[in-house]
């Protein structure tokens, strides 16, 4: 197998230039590439276009890169409870393209699957449809949507092996597998890096062919946005 | 969880009518729904359209249904080493639509994903492109392909639970997951049927939402087409 | 049942249903064997009021079929959240998957029922719930995909805004999320169906709320036929 | 190396390469770190001749990355086959996936090299390998997807048919599999590149085969420049 291991996050993101188009896995703060984001903050790379379902929160995840003004444009489905994101969006400081979550997931999937365009019913008749081709199939109207691809995809998995095979855990999977496939260069960080042969080939979520660099992540915070519990 | 269990293959296929459009999982004889095919032979249902990558071999798999003339039309990517299939095709006794394997996989995937059409480069400039819309994206030409859906999908998994969650094994996965998703009614047969809670949710290949009926298969032959070995 | 209801009403002096009341009423729409997607807010509460005799599977669009109860402190797992980013647990028989797979099943109509909130609904069944131009942008999240493809859509909403303006309108004033998709509305005042040719057909009144109250609170075309029963929760 | 070659030639009195010779020559095209898809027939044999010092991953379009050697009798597993339906094993670090995922990675150009057989190749790089109208239909299988998307395509083929007719043609006579996609051909007589503007550029001769032999056997435009070396295997 081909060895994809790099030493750490800083080495993994070493050649990400200003103005790069990035995909970042995660839903809210669940399954985000914490180490890679920290390395981008240290590196100070600017003018980024970030494709990510959310932009983290004010003081964690992509939210940190919004504060440092490293992000030129966000392509997301949900602003939600991120006050800084909403403020920059409403003030026009940040370019934002909001797209339906399923369309975002499918456009990224299409990018990784070599499908330049496809039709979806989401957003027909809404702002999202502006400027897009519509077409009827079987009496229902659909929008034509284009693939999304990235210069670099930053994904986070639970386990990975040196050949780049990845296994996610729980709902931390979310956008990570499609983004791994849609990156020109895909950088994976994992909670546990193991030698080849340790992962069951039948359980692998992202085959190593999609991953160009992999490293053992460190010090995961895995913050929780809405800690909601019941009495024991 | 919702219980999807039926007694056996005969009960599972009880309401498949003549002229039905079926999808059948498998690649060659690997991962084919042996029990459901046997039940269709017993039932004698006729005029079927079968969407399946191959048509089995002369004396096993869908090949058996070709012999009994239960199949009106095959939609496949490969005739390969099936002499009866090739004979019926060349004589015109059987309607055959041959489509590229990746296009077949993606059309079925699109059917299960609610995507009525998409663009692929496979088949541009070939017979396959006849009558199809072409379109350029980024300087490359693509064909527009439509989704495929079935009245009934017959799939085979390794393990399944009573809620219809499925795990495949080895390369017996192949077309089964997409076909499970693209069936109006999806019938799954498994080598081992277990109660809910026994399968790791993180290892499930086909979520139960796609499966309408599941049964414990019996007497699997799992024939090998090309037994190729090396000396120990 | 009745006494419980009275308690609710004591807590809500203006006679209209509170969030829990809306959730309880919607829970009665749930049928055995359904796969259901619950939106953020009131819809999430619906899960608490589905009778245990009814077998349903809750879908979370971030990649789970089989949402269980909230975790105990000891069970909290940052890798297990719902679409509202709340910590959750999984039911036995759950399945995990990617966001692409999640919306594949939504788009292909495998989810039987979608329950979501709204800022406005039009008498044609249009819904607006993601943006107030210049003021607030939540984003559409998965709502546009859900309303474009779900077999059945129930909206949980306040009948009027805080300043008394109706949210059931002839047509939406806010950017819409989906066209002609809402089938049923459960508000704090009433249960209504959107008619195929347009108009809100009044089906039930909230306890203590009169047809006249509902007429005044509904700016869109309201269709009232015969006796309108008070809802049971 | 030399002596092994001589043995080959003794076995093949007409001086042209046998299937193993073609496979050995193609194996020399393989570079460290490549993901490779091998078609049915001669291409499958290539795997046997890739030096162990070179790390590559073989893709099987029916859903595997990491094809290993054929199994021993004891290892045979009916759930583990390659695209030619042969029983196989998996290398450590393999990954299994669906056919949709398999062609997703093929279509998006993640497979670095595709090696496949052909009935005909045109001087424009068109390839035909799935059908002889009225006589034989194998089906295209995954070939149309592979040739439409692979970064690099090498064709393994016989230079001429059994009755001596050239298979390297000005244009294909059989239904084609893909347009302008073949980059390199390794036949039993020669190694040739398809030039961007058309034409077969002769790179190497099979041992003992002359440039004149190749000229006679090539119906399409042959471009011969300078000394043509004999290939090493």
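To keep things simple, chains are lettered A, B, C and D as they appear, and every chain counts its residues starting from 1.
Rule of thumb we're sticking to: contacts are C-beta pairs under 8 Å (C-beta built on N, C-alpha and C of every residue); 3 or more make two chains touch, one makes a residue touch a chain.
Bear in mind that the values here come from a model prediction, so they are computed numbers and not experimental data.
The chains in contact with chain B and with chain C alike are A. Looking at A-C and A-D, the interface holding more C-beta pairs in contact is that of A-C.
Across the assembly, the mean Cα position most removed from that of chain D is the one of C. Note: centroid distance chain A to chain C, computed from Cα atoms, is 29 Å. Centre-to-centre, using mean CA coordinates, chain A is 32 Å away from chain B.
Taking each chain's centre as the mean of its C-alpha atoms, chain A lies 37 Å from chain D.
Note: centroid distance chain C to chain D, computed from Cα atoms, is 58 Å.
Contact with two or more other chains is made by residues 64, 96-97, 100, 103-104, 106-107, 149 of chain C. The set of chain B residues that touch two or more partner chains comprises 106, 109, 113-115, 120-121, 169-170, 202. Pairs of chains that satisfy the touch definition comprise A-B, A-C, A-D, B-C, B-D.
Those residues of chain B that touch chain D in the shared complex are 27-31, 53, 76-81, 86, 89-90, 98-106, 108-109, 120-128, 158, 169-178, 205, 222-232. Residues 106, 110, 113-121, 135, 137-138, 140, 142, 146, 167-170, 202-203 of chain A are the ones that touch chain B when the two sit in their complex.
Those residues of chain D that touch chain A in the complex are listed here as 33, 35, 55-57, 59, 64-66, 90-97, 100-101, 103-111, 149.
The touching residues of chain B, when paired with chain C in their complex, are 1-3, 109, 111-115, 161-163, 165, 181-182, 196-197, 199, 201-202, 204, 207-210.
For chain C in complex with chain A, the touching residues are 60-64, 69-82, 84-88, 96-100, 102-104, 106-107, 126, 131, 134-145, 148-149, 175-179.
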